[in-house]
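Two complexes come next, and they have one chain in common, chain A, joined by chain B in the first and chain C in the second.
Right after this comes the complex of A and B.
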């Protein structure tokens, strides 16, 4: 009687034993630089001849975030817009003023000097990404039409470039 | 004050973001199955919902373009899509080729705004 019960209990476990299978999920972690666009930015139009990303004038600066997983291996090079990529016909020459600045860092100790140590290469600002973690950069831009002529009605788009270059 | 900073960083990390990434950071050029050509394999991940196309290029140390071959110089990569692609360069360009870069292609649309073109450059290993 005992033998029969033991056999029955044993058989009950067989399906569980045979159906169990391992499903491995594998992944590789590689050092990398990731560029994240938190905000693409918007132009405000405070007067007829100015387009600007200044919040006080109805604009919004672009925000990009760099995630770095390998210290001292990358440069961040950021260039504010220097021309419109699409626009209606322009009646005069447009003057561009742009700036880039570090807005937030995830490691104040390792990244605290990013802004003061940046190198300006023409319109481009180069940052030496010496620490791991995240850095947010704010890109501001103002376009002014020559002779205070009015921007024609229509859609204007200007492209800022965010580059991450391996050292 | 420190807690507030961590809180702000935490909130910003939690916000939806648009990301562009390419690995490896230091690809190795290897001998390919074709005479006189070297090959490197790259992987890309598109987490930018606003970008569907990426352009690949190979450059020297001054970012001047160098001839290369890949399946498509400009390729479509859907949002959250992965792609693995091979880059072929001439063996004679082995030491001239320094960077392989991918750049997002921005689409024209109907808003008055700025747009971000993201570009990631990996550096060929020289060992």
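Right after this comes the complex of A and C.
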């Protein structure tokens, strides 16, 4: 009723004028999939040409947590490092071996088979997040210098990628 | 081994706390009396637990985590972790379960039960709780709903020994009791009065002696209190706080003279003594 009246008044007093307005409509969508880094990994250096996150070799795997509040709506895709993001000059080609596995779940019934149901897409592991709750993934990585040449002294940093993809 | 630990406060504002690990041995059973503190207004908010499952991939293992209902049958809290075939050995579960403030009295013994071919490793379970000090309003006069305690004086039937016909007769001696006195001679009456007067003086002396003793006792007690007060005021800390540095304390006085002459007066005195001694010895041969 109010909209119709206003439109009529406008037509009577401004018969030849045209007007336009842009009315914004905003909204906020909070993600139902949140990724948190629980602990960053550490490379151990068991020999001159190897960097690894194996605890037995002085390393520590990275732990990433997915918090899902909407079941069966997301895939978790995690890719272990395939290159150094920062490093001293490399004397040869580095070979990368990485793995991802479910380390901890908050729901045994809904998440217990995530690991066996995962799909490997090249270097990337895809998990179907069918249940709500938190899942912790362990990312391991080993870098081996070609020709068993020694890594130069310095700090080496590599980055694993974890993404949440809506179905 | 982690021991249960908790915090406690005398404030009237509700406060929160967390227990230690309730599971302290391999029996996977625990008593809440050993886990929770005992303030009356304690309510459990959350149960947080984690463990690592040990199983073959193709097996199904069911793990039940719960607390018995202390005021009835069944469980006040129970979680079922269903590890289906395909779930891997060594997977950890980390679970937070809100229970919505259930009073401590309802929480019975806790347990983790494993059904199937598997086991749990490194179990850890803690409770978070909230304590309302004014759960019992009579805890503190500032608590809402506090009622000042009413002092009830018990009512007794007062027995009046002088009332009643039967007793009245006993305490109103009739005239016959005084017949003997009237029959006494004047000498006897005089002796009786003297004896009564003597007895009265003795009683008075005893009473005064008792009063003196009480006064002396009070005076001694007062003096003792004064001495105690003086001793408390005396500050001995400065004496206790002194310390002597360790090490070697060497002689600091040195004699600079290279030659010390004999005291001539001393020599003379010594000879005089010797002469006197000789005279005394010689006396016995005279």
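Convention: the second predicted complex is superposed on the first by the 136 of 167 C-alpha atoms of A that agree within 3 Å, B and C clash if a C-alpha of one lies under 4 Å from a C-alpha of the other, contacts with A are read in each partner's own complex, and residues count from 1 in each chain.
Everything below uses one rule, namely that contacts are C-beta pairs under 8 Å (C-beta built on N, C-alpha and C of every residue); 3 or more make two chains touch, one makes a residue touch a chain.
Predicted, not measured: the structure shown is a model, and the values here were computed from it.
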Partner chain in contact with A:156 - chain B first, chain C second, else both or neither: first
A:81 touches, of chain B and chain C: first, second, both or neither? first
Chain B versus chain C as contact partner of A:134, first or second or both or neither: both
First, second, both or neither for A:64, with chain B first and chain C second: first
Touching partner for A:109 - first (chain B), second (chain C), both, neither: second
Partner chain(s) touched by A:47 [first = chain B, second = chain C, both, neither]: neither
First, second, both or neither for A:35, with chain B first and chain C second: first
Of chain B and chain C, the chain that contacts the larger number of chain A residues: B
Shared chain A contacts, counted only where both chain B and chain C touch the same residue: 104, 106, 108, 134, 136
Chain B residues within the chain A interface of the complex: 5, 8-9, 12-13, 15, 17-26, 47-48, 50, 99, 106, 108-123
Complex contacts: residues of chain A adjacent to chain B: 30-38, 40-43, 45, 51, 53, 62, 64-65, 67, 70, 73-74, 81, 85-86, 104, 106, 108, 134, 136, 139, 141, 155-167
Complex contacts: residues of chain C adjacent to chain A: 50, 53, 57, 63, 80-84, 86-88, 91-96
Contacting residues of chain A [partner chain C, same complex]: 102-109, 112-113, 115-117, 134, 136
